[in-house]
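Multiple structures follow.
Next come two complexes, and both contain subunit A; in the first it sits with subunit B, in the second with subunit C.
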Partner chain A sequence: MNGDRPSEEKPYRRLETQTLLQQIAFTGGLEALEASENGNLAWVTSGFPVEIPIAMNVGVVYPEQAGAIIGAQKIGPEVCSYAEDLGYSQELCSYARASIGSTEKPDEVPMGALPTPQILLACNNICGTVLRWYDAIAEMTGATVFLLDTPPIEAEQLPHHQEYVRKGVQRLIQFLEDKFSKPLQDERLAEVADLSSKAIGLWTRSLEACQKKPSPLNCADRFLTMAPVVSSRGTEQCVDFYETLLAEVDDRVSEGLGAVRDEKIRLLWDNIPMWYTLRFFNLLASRGVVFPADTYTHAWSGSIEGVDTSSIIDGIVEIYSNVYLNKGLDAKVDKMCQLIKDYDLDGFIMFSVRSCKRYSLGQMVSKELVTERTGVPGVIIEGDMVDSRVYNEAQIETRVDALLEMLM
Partner chain B sequence: MSNEGVIEQSTAGLMQLVAAGEELIGYIYPHTPLELFMAHGLIPSLIRTLPQVPSGFEASLQTFACSYIRNLYSQRTSNQMPPLTGILFPSNTCDSLQNLGDIWRVRFPEDRVFRLTYPVTRNIIDDSTQRYLAEELRLLSESLTTIFERPFLKESYNRGISLVREFREGAKFLYSARVVNPKIISYSDVAQLVRVFLTTPTAAAASAITEAANSVKKMVTDLGIFENVESVMTALVNRDFENVQLPENLDAPRVVVAGGMIEPQALGTLIKDIPDIPESVITLDLLSFGFKSVFTPPLDESEDPFMEMAKSLLAAPGEPTQEGLKHRMIFLKDLLTNLSIHGLLICEQSFCDPDQFEAPSIERAASEVGIKTTRIPIDPELSDKARIEVRIQSFLETLTER
Partner chain C sequence: MGTDLGIGIDVGSTTTKAVLIDSSGAILAKSLMQTGASAVQAVDKVLGEISSMSGINLENIPAVSTGYGRARVELPHRTVTEITCHSVGVHRLNPDIRLLIDVGGQDAKVIRIGPSGRPDDFELNDKCSAGTGRFLEVMARVLEVSIDELGLLALKSTSPSSISSTCTVFAESEVIGRIGAGDSPADIAAGLHASMTSKIVALSKRVSFAEPVCVTGGVALNPAFRHYLSKQLGTELWIPDIPQLTGALGAAVIALQGLG
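On to the complex of A and B.
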């Protein structure tokens, strides 16, 4: 494939909305810097109920997103090696290593090193690693860690689980009030929760539009446009962004335009992408392969219900406990099967991320179960999200080719 | 006795129990409520990793699964596990064990799999973590009643409390005595006694520890160091070293072993096999199946059982799977400084997030108080035994050169 061809000749269509992302990232970066200088910056995990710190006007940034940026710049191995020099094993989460590495040598990482935090807000609904990662950052920066513990859920959230998480949310509010000497205003929380729900609603509609044929969005489109819903849900600009995205998606649907010009095969993607080579998806597009759904971007689809602080907290307790990665293997298999059915998919690719155990261990079993239940074939490929040293392109190509041969 | 010998002995003990009609519940995580299973008339048995197990995980686990869970899984596929009536998996401790529990249920549907979910939160002023865990324990108890038709019996519970208390009292004394005089009983012997009890928690296993502790008590009394031992035990129980009194002229070097779910017995055997290195260099381990299991606080029979068990489990020495890195490092620094330690061996299992994340913090903490460290990558199969031995030997040589 020739990457220099004009856009209209490429096998995929570029989203116009993507151009807004740079502006959002730029503004977000400036705000974070200002918040850090004002002693008011939190680093936040992607599954954290960010509506609360945002409602209290605490600046927030996302180290996972910074890890993705480091990966996309193809400097993951170098930045991760700074953490390895400090004694952190190469076997550990590469988001964490990239974060520790860029904290150690911020001048070496102009895009991806985050401003110094005053607090570190972790929610373990995405994995257990986040606590240990933030503990390491706390040792380096002196920031205080707050953990919102949301124990994994087996079948349904039981009353004692709800009560425990609710207590955690109440402690979080108290922690922020004590730390920054400002109270949580009920009206402001309701406003932020409403904006968050709106953004998530718009995002969900954009995702669901991919049920159409041809799919208006491909994997790489969603991986890029998910950034605001992860990093700034609860803000006006986030809602604005998703209104623009949905409008473009709707246009594509009404005009019958697909993300891939000649859509032939529809696949499901499982896991975090390899940020250093999103081109993987574009190369497959040249063979007519589109990914109308994936398990990663669908993880941000729960919106908070509630009209006052108490009911909003109830909503937070429910939504943030029930995220995809906080449920067992059965729920993950159910979700994949549902996506395959709803999006009429022909097969699936599971990316086995060596440094993300919560997402990846169990995929060998899930693969069998999903094929058994849906009848569609799948393949597992292995690598990492940020650290390209463990990505074997030739091996992956062979495996993907084998899958496509079955489907062509 | 070698590690393999102890495993054989423990397995033989288990088979005798099964032959006598006892039902075993296997558990994996060190902080398991032994008294709860005993209250239901079941025998909790710690499932250990085995040094020689044919590989059998490949169809279900990727190669980056931690060596611990790969070993457990391979044991199951090669039918090397004892005859268990059920198996308890921990939840919310580490991602690998979390997912292993799910995989196990699918791959071995005939196994009765239970789960106990632990809170990660620590060091808070309200009792929400205790209440959460107490309810988890109550629900587990209900499941045991329903599935095995064995209700929770207060009498059995009280017997369980006595048995576990006897084990811990004896083991705590042995651990403390070794801190004062590591030659008084070998590390391997203590590790073996602890291991046998955790594998087969019977009156005989508890009595063996009591007998060893009584024998050591007599020796320390004769040597005039009983008060020193008591001061160490109080310090380790309370995690406050202010009043520790150690005798003068302690043998050097004195080494502490840090790490997670490493087998103490395997470590003891490893050290014993190194030429020209006395086993007494190991003054204390801080391992999950050693120190952390032994120094878990006892239960009060008169209080609500589930709340008591929750309180006890949550008051055990901290794991890297939990909140409290700062507290753990303060404790470590206090311990290293006040127990006249010269070196720290940091054991870490491959692909173990908790071990590998904590190791750099441990290194820094030790360095801050002037203690030398070395990191030992280790797996249950001791597949790199020769290199580990050389590493430990070199490290100990650097300590003796001080």
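On to the complex of A and C.
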């Protein structure tokens, strides 16, 4: 028998839990379709306090996740071009272009076009583009936009900003109650907040298990398994998924199995990945390179503390104001240095995402600061998350190879 | 024979270089020619040349290839990036050098060299022809001089033109404007060198600056480039005898040492 040879020869181990994702995506797709038909589907941004619409039985889908799927299917340039044909710039966020493009020509994008929304819930804690993007979708679909405004935090959140965001969350509840003519039930919110915290707690434990050597998860594993914590936190299904993932991660740790079979170099990844070529991580795996930590998947790690509606809202204000992208450069540098220390990393790769200015701005400065503070070298590579037209493989290879040569 | 010799091959965007060294690091043979349309053919030719120059059969001699065409080399070899190779090559020639500026046909790199001769940090400019040899080639064509004459022409300038753009396309329009305004070709050429150099200086500020500074790559042969770079950086520059060969030399040193 030599049937099992190919998978044994791969330099990385495939995560069994990954197979559950298809089922989750399929169920999620059906539920969204049903919600859209019933007139209560919301499109939400990844950093939106989704616990509130979920507690009110509003269906939710994530255009950013749809953008990632479009990228992974390698149809990013084509779908983005539908938006560009409408006059949108190539410099615009490629998630926004993919979303506008697939809304314009849904039949051309079978696996990425989302069901028609009734409301669009945007929180600008991840960037300012989301508001204009959702405005454009509102124009195309007739859905109403709600913006939760979270002023950026330089050091600590100012008390009046906190109060301002709190008012915004209350306005959100009012908006949903008016729109769907039903009240938010305190018990249900507490239940959803609890499920959300549980899922995030489990997810965080899986992330932290990567401090072990060898690391049980690699970058691509986390980019794929982060999907439920982004899109369905606050549900039972999401908690179940992360229980299964954590069990597999714990098994790997106790058996000393790494995501990469022969772990030699541990690196930090900064920014959204290039969804069209996650193979990048597998190719590096064959050279013993693993990424035990990244700034992207660690962004969903705040769990809501709170027992009643008022304290839950306080928790929501705290968590959603303090997301990674809503903070200044110092906080980002601190986070990267902390990850390098906690995960005992040898170096870092910063992906400069051409169409995500919010994430990429300041990388040149932070690269210098991170090296200065941690003593480990890093490199900046350029490309985009969805639009593969700006990704030059040969140039990226040279930069990454040079970094590895510095480490070997 | 085999372990006391090393071959380095550098397949660049414009030229392909090969070097054969002995265990003392002395260059036994070297070759440099246009890469042209086929990197494979260019490699065959430079290897043929170093073989006939040295009278040595290259079979079984360890080889390392570098440069953008490094994967195109058919001889059994290992590949190492040009960043490490240039660093090692320069270190072999002058171990004091701490900052290396390499300006080739289509890219520019700034490498901070550690005490061991390995790179500590680096920055590349490779998405844009600003600050590369290509910029000067385009401008030489507009001014109707050869690329070798361009630098000498610039040094004759008494009042350099102001060329604000570092972009090859926009600078070309600016040059045409300066020609229309009656500026002398020497003044325009000087302005172009100053502009192109400012791009390199900006790149070198992205790695923490260190001295002494070495300049390599084909553009290092251009006296006006060296003049403006030295002036803008405020430091003397050290230039190897054949500045295009340091990548290939570094590759040969690595081949010889069996490091990678």
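The rule is simple: the second predicted complex is superposed on the first by the 403 of 408 C-alpha atoms of A that agree within 3 Å, B and C clash if a C-alpha of one lies under 4 Å from a C-alpha of the other, contacts with A are read in each partner's own complex, and residues count from 1 in each chain.
By our rule, a residue touches a chain if its C-beta (ideal position, glycine included) is under 8 Å from a C-beta of that chain, and two chains touch if they have at least 3 such contacts.
This structure is a prediction, so every number in the text was calculated from the model and none was measured.
When the two complexes are overlaid on their common chain A, residue A:Lys182 makes contact with neither subunit B nor subunit C. Shared-chain residue A:Pro377: touches subunit C; no touch with subunit B. Residue contacts after overlaying the shared chain place A:Lys74 against neither subunit B nor subunit C.
In the superposition on chain A, A:Pro151 makes contact with subunit B only, while subunit C stays out of contact range. With both structures placed on the common chain, the touch criterion links A:Met364 to subunit B and to subunit C. Once the two complexes are overlaid on the shared chain, A:Asn392 sits against subunit C while remaining clear of subunit B.
When the shared chain is aligned, no partner comes close enough to touch A:Arg14: not subunit B, not subunit C. Of the two partner chains placed by superposition, only subunit C is touched by A:Asp401; subunit B is not.
Of the two partners, subunit B and subunit C, it is B that touches more residues of subunit A. Residues 364, 382 of subunit A lie in contact with subunit B in one complex and with subunit C in the other. Across the interface of their complex, subunit C is touched by residues 364, 368, 371, 377, 379, 382, 392, 394-395, 398-399, 401-402, 405-406, 408 of subunit A.
Those residues of subunit A that touch subunit B in the complex are listed here as 86-89, 91-93, 96, 124, 127-129, 131-133, 135-136, 138-139, 145, 147, 149, 151-152, 154, 158, 160-161, 163-164, 167-168, 171, 328-330, 352, 354-355, 357-358, 360-365, 369, 382. Put simply, subunit C touches subunit A in their complex at residues 68, 79-84, 118-122, 124, 126-127, 206, 208, 260.
Residue ranges of subunit B in contact with subunit A, taken from their complex: 59-62, 64-66, 91-96, 98-100, 102-103, 105-107, 115, 117-121, 124, 126, 128-129, 131-132, 135-136, 139, 320-321, 323, 325-326, 348, 350-351, 353-354, 356-361, 363-364, 375.
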